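Got a structure here, written out as structure tokens. Questions coming.
Order as written gives the chain letters A, B, C, D, E and F; numbering starts at 1 within each chain.
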Amino acid sequence: MYAISLGEDGAELRPLEPWQAEEFLAHMDRGRDFIGRHNGLPDVVRDLASSRAYLQGYAEKAAADTGRIHGIWSDGTLVGAVILRTMDVPQRTAEAGCWLEPSAVGKGLVTRAARLLIDWAVEERGIHRVEWWVSAANAPSIAVARRLGMTKEGVLRESYLYRGERHDMEIWSVLAPQWRAGTPAPNAS
Amino acid sequence: MYAISLGEDGAELRPLEPWQAEEFLAHMDRGRDFIGRHNGLPDVVRDLASSRAYLQGYAEKAAADTGRIHGIWSDGTLVGAVILRTMDVPQRTAEAGCWLEPSAVGKGLVTRAARLLIDWAVEERGIHRVEWWVSAANAPSIAVARRLGMTKEGVLRESYLYRGERHDMEIWSVLAPQWRAGTPAPNAS
Amino acid sequence: MYAISLGEDGAELRPLEPWQAEEFLAHMDRGRDFIGRHNGLPDVVRDLASSRAYLQGYAEKAAADTGRIHGIWSDGTLVGAVILRTMDVPQRTAEAGCWLEPSAVGKGLVTRAARLLIDWAVEERGIHRVEWWVSAANAPSIAVARRLGMTKEGVLRESYLYRGERHDMEIWSVLAPQWRAGTPAPNAS
Amino acid sequence: MYAISLGEDGAELRPLEPWQAEEFLAHMDRGRDFIGRHNGLPDVVRDLASSRAYLQGYAEKAAADTGRIHGIWSDGTLVGAVILRTMDVPQRTAEAGCWLEPSAVGKGLVTRAARLLIDWAVEERGIHRVEWWVSAANAPSIAVARRLGMTKEGVLRESYLYRGERHDMEIWSVLAPQWRAGTPAPNAS
Amino acid sequence: MYAISLGEDGAELRPLEPWQAEEFLAHMDRGRDFIGRHNGLPDVVRDLASSRAYLQGYAEKAAADTGRIHGIWSDGTLVGAVILRTMDVPQRTAEAGCWLEPSAVGKGLVTRAARLLIDWAVEERGIHRVEWWVSAANAPSIAVARRLGMTKEGVLRESYLYRGERHDMEIWSVLAPQWRAGTPAPNAS
Amino acid sequence: MYAISLGEDGAELRPLEPWQAEEFLAHMDRGRDFIGRHNGLPDVVRDLASSRAYLQGYAEKAAADTGRIHGIWSDGTLVGAVILRTMDVPQRTAEAGCWLEPSAVGKGLVTRAARLLIDWAVEERGIHRVEWWVSAANAPSIAVARRLGMTKEGVLRESYLYRGERHDMEIWSVLAPQWRAGTPAPNAS
């Protein structure tokens, strides 16, 4: 029912709910190899039941006000999502994330979608600090963090075990005053 | 984040979630006497805790895909809502409902909002039959059912105990083919 | 332990509990085709686990005071049941129902059993309105509603999806004063 | 609805359910001092909420097939109960118990009621061993165990802490073959 | 992390937690036939999932303060356990138990381990009465009860159904004053 | 029952369980102001009920293998604790923490206790990475991280809202190979 245009190319941000599990699985199947390079999601969403369980988890986060998921549709096809993986309203912190299937990469969809979501978190919900946790090897996602004006705060060494190897995780963030100022943080050039 | 215009007067339909419990309570307080003439809701939403519990119930229905609530905002104020009180996707049936606080009455907001919701139910979710249960004494709500092209199917005698008195309940409905045809049902003149 | 005679033919009404799941399944197997013409129950009670789950559901309704099931035994064989599918004591409403396997049809067992159950609901529990929801095609069950002095209040068009087809559902009811007067409602001739 | 006569004096055994919490509390209030001499029940059933909770617990035991409660009515007044405090159908064991308010004592009501319950347990449910746990100081309850043909199997020293003092508990039992033979156990004279 | 020496032979008592399910299963596999002569545990712990479930149950008892399990290690191998199968702190009662795999029998390990556990229950937790339920045919376990200074209080006839046969269960116990005095009870010679 | 000496001064590490809620509350009351300078715990543990709830939470973490708490006793008084606030065994990561009441500060108790806990995590449970999250203003806790050979990996700006002010949080960690080598990390001088 709801949709927000992501620009002139017809892409849209929309709610993504458990009843769309089949559509979500098809998206994950198309993006499985690409998304799975740095992101464990494809190992979680493997079939219709696990697809529904994943979206169900986010529906429950929405009900508890502790997370959100929104899908990105391009030409009527679900091609990615932006999420608040966690949201702690009393602490006024949240962690954002995103992914795209390969066909949708390179158009700036994720950056625009993440802006909408962070705007909502900061302006409507009073979130003060939005984090972005990303594998140090995931250059495209790091580039998004930079474009969102985030600052790199540290590297958690060998903290993420994925497909048998340990990866460094970078933590980036933007604080509400920075976000509103719209000025990139110092090292986010 | 999301909003759908309800017409030229700037009114909008938007998601209504548990974190908006305070705003929802203020709306209920403004409409308490008026809404409470035929509708038990004001007896359920009495304070912040019960307001949150009510919206929480709908967030859980959304997570379970068994109901939905959307708020109607006019000039930035929450003035009413449309709901799918129940939705049974396997059976392809749903029951819709609505209310407004007095200041928003008479502009057709509820009819327009209900159209959006029923369109979503019928076209996006495959619902075949949308019901409208209404107290036989609630003339304005019956008028909405008529404007939505619904047919009166029966009267459940003394079926609703409200504030110590028993009321007859009318059941109206519209079936998907009628809805799509947009032709009012015979007796809905 | 408990039993109430249903007349001179030795038939009895008795509690029906989860531990009787095997006996209940055998009854359902004997009546599967016949009962299943208008009633979805045989699709629900398919094996021992689902038979136990069904009776378990009613045991939980009894514990919550929101429903009841009683079995009808004839010559020591479980041949049918009468139920309060729902019971809302604060609202003082209930919905009754019944079924028989073919060998027990035509003796008036269900009407007598339903009278006992409705008497209990009205006289001991203060229920004001007892409903009977029935497929418009289920002539025998409609005949029971008539014999119980119920009034037809409406027809819910295409409201019940069963084995791939949509059926009209009739709602019949009797109110406590009518029940006590024992006079058939006007159109229940 | 159901009732079983307990003899010529009009006393009856009937189901006892959560909706009867008020009646149960009134009974407990009348018998509080008398029953409370050897039995912790009056400390558990103190007001309407705890009365409902107690009966609710037994409704859940019935649903789980792990216990039962039945009330004893005399001249239309609830005067006592017999229970299967526990019932382990796979192990084929159960523990029975009972109590009366003072006005109903001395008529053999409990013995007759307990016979019905043990008969049901042994004959309908296949219980092999029915226990009776009783404070060594509770002479009337021990007399019932004797009248039921039970055998004393041991004394658990200082095992029951009640109102600040520790009491010895006796365990009596009857096995199914004894029960069926109807012959009192050796020391049950 | 924690360990208490059980004597000069290097045996130790240690916490036994769900993450040790594999080690626990290996122990049970080694002792399956021997332990299973009088004890249903080997029928409960059959594979890794049931081993984890069993230890999980005890972790939950520890969290609820209603039971405890501790493992006995000899030369680095888990060879047995002592348990408080139940612990009722408000009533100040508990039931202890134990088992060993065959290789560890005859060294007094269980008696020493049970002493530590009963000491903890009596001295640190205020338990007044510690029971020992044992099959009348389980001579080694009865010998442990004797060595612990327990008194035989009774025999529950045919109370334990195990592998298709009914067994008499003996109840032994020691009360806190006896335990502290360290004097064996009369018939515990 | 269990205890591990923390050195020549008689201090000990022991399990800390829900039944010790009273003792834990007394400790928290003595250390409330001191511990509360940088740590939200005193705001969580305010009375007996919240003290029990906090320890209950850790008992449930132990049951789920996702965290641990151990108390530090000095001269028989509970003076502090070391915790694994989180433990993710499949990911092989954990977060450690600690606190002391003022009387116990300056003796190295926490460092010794943390060593035992990290040793257990690394050597017995296979944890690869142990984190230490600490307010940038909490010099004593940062000193412990240094003494444990941890490396500072980043600063999460204004990430912790505590008593109305936002604080920077530092993340320190030690990896298993470093831990085993026992060589302080480069910047941990």
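By definition in this document, a residue touches a chain if its C-beta (ideal position, glycine included) is under 8 Å from a C-beta of that chain, and two chains touch if they have at least 3 such contacts.
The model shown is predicted, which means the values in this text are computed figures rather than measured ones.
Asker: Hey, what chains does chain C share as contacts with chain E?
Answerer: Output, common partners of chain C and chain E: D.
Asker: Which chains does chain A share as contact partners with chain B?
Answerer: Touches both chain A and chain B: nothing.
Asker: With centres defined as the mean of C-alpha atoms, identify the chain lying farthest from chain B.
Answerer: For chain B, the chain whose C-alpha mean is farthest off is E.
Asker: Is the contact between copies chain C and chain D built from the same residues on both sides or from different ones, judged by whether over half of the numbers are shared?
Answerer: Counting shared over all numbers used gives more than one half: same.
Asker: Based only on mean CA positions, could you tell me how far chain B sits from chain F in angstrom?
Answerer: Computed value for the inter-centroid distance: 52 Å.
Asker: Roughly how many whole angstrom separate the Cα centroids of chain B and chain E?
Answerer: Between these chains, centre-to-centre, one finds 62 Å.
Asker: Which positions in chain F are in touch with at least two other chains?
Answerer: Where chain F is concerned, no single residue meets two or more other chains.
Asker: Take each protein chain as a node, join two nodes whenever their chains touch, and name the resulting shape: line, ring, star, complete or other.
Answerer: ring
Asker: So that chain A leads and chain B is second, what is the order of every chain round the ring?
Answerer: A, B, C, D, E, F
Asker: Give every residue of chain F touching chain E within the complex, in rising order.
Answerer: Answer in residue numbers: 1-4, 15, 17-19, 56, 59-60, 62-65, 89, 116-117, 120, 124-125.
Asker: Which residues of chain D touch chain E in their complex?
Answerer: Where chain D meets chain E, its residues are 90-93, 128-129, 131, 151, 153-161, 166, 171, 173, 175.
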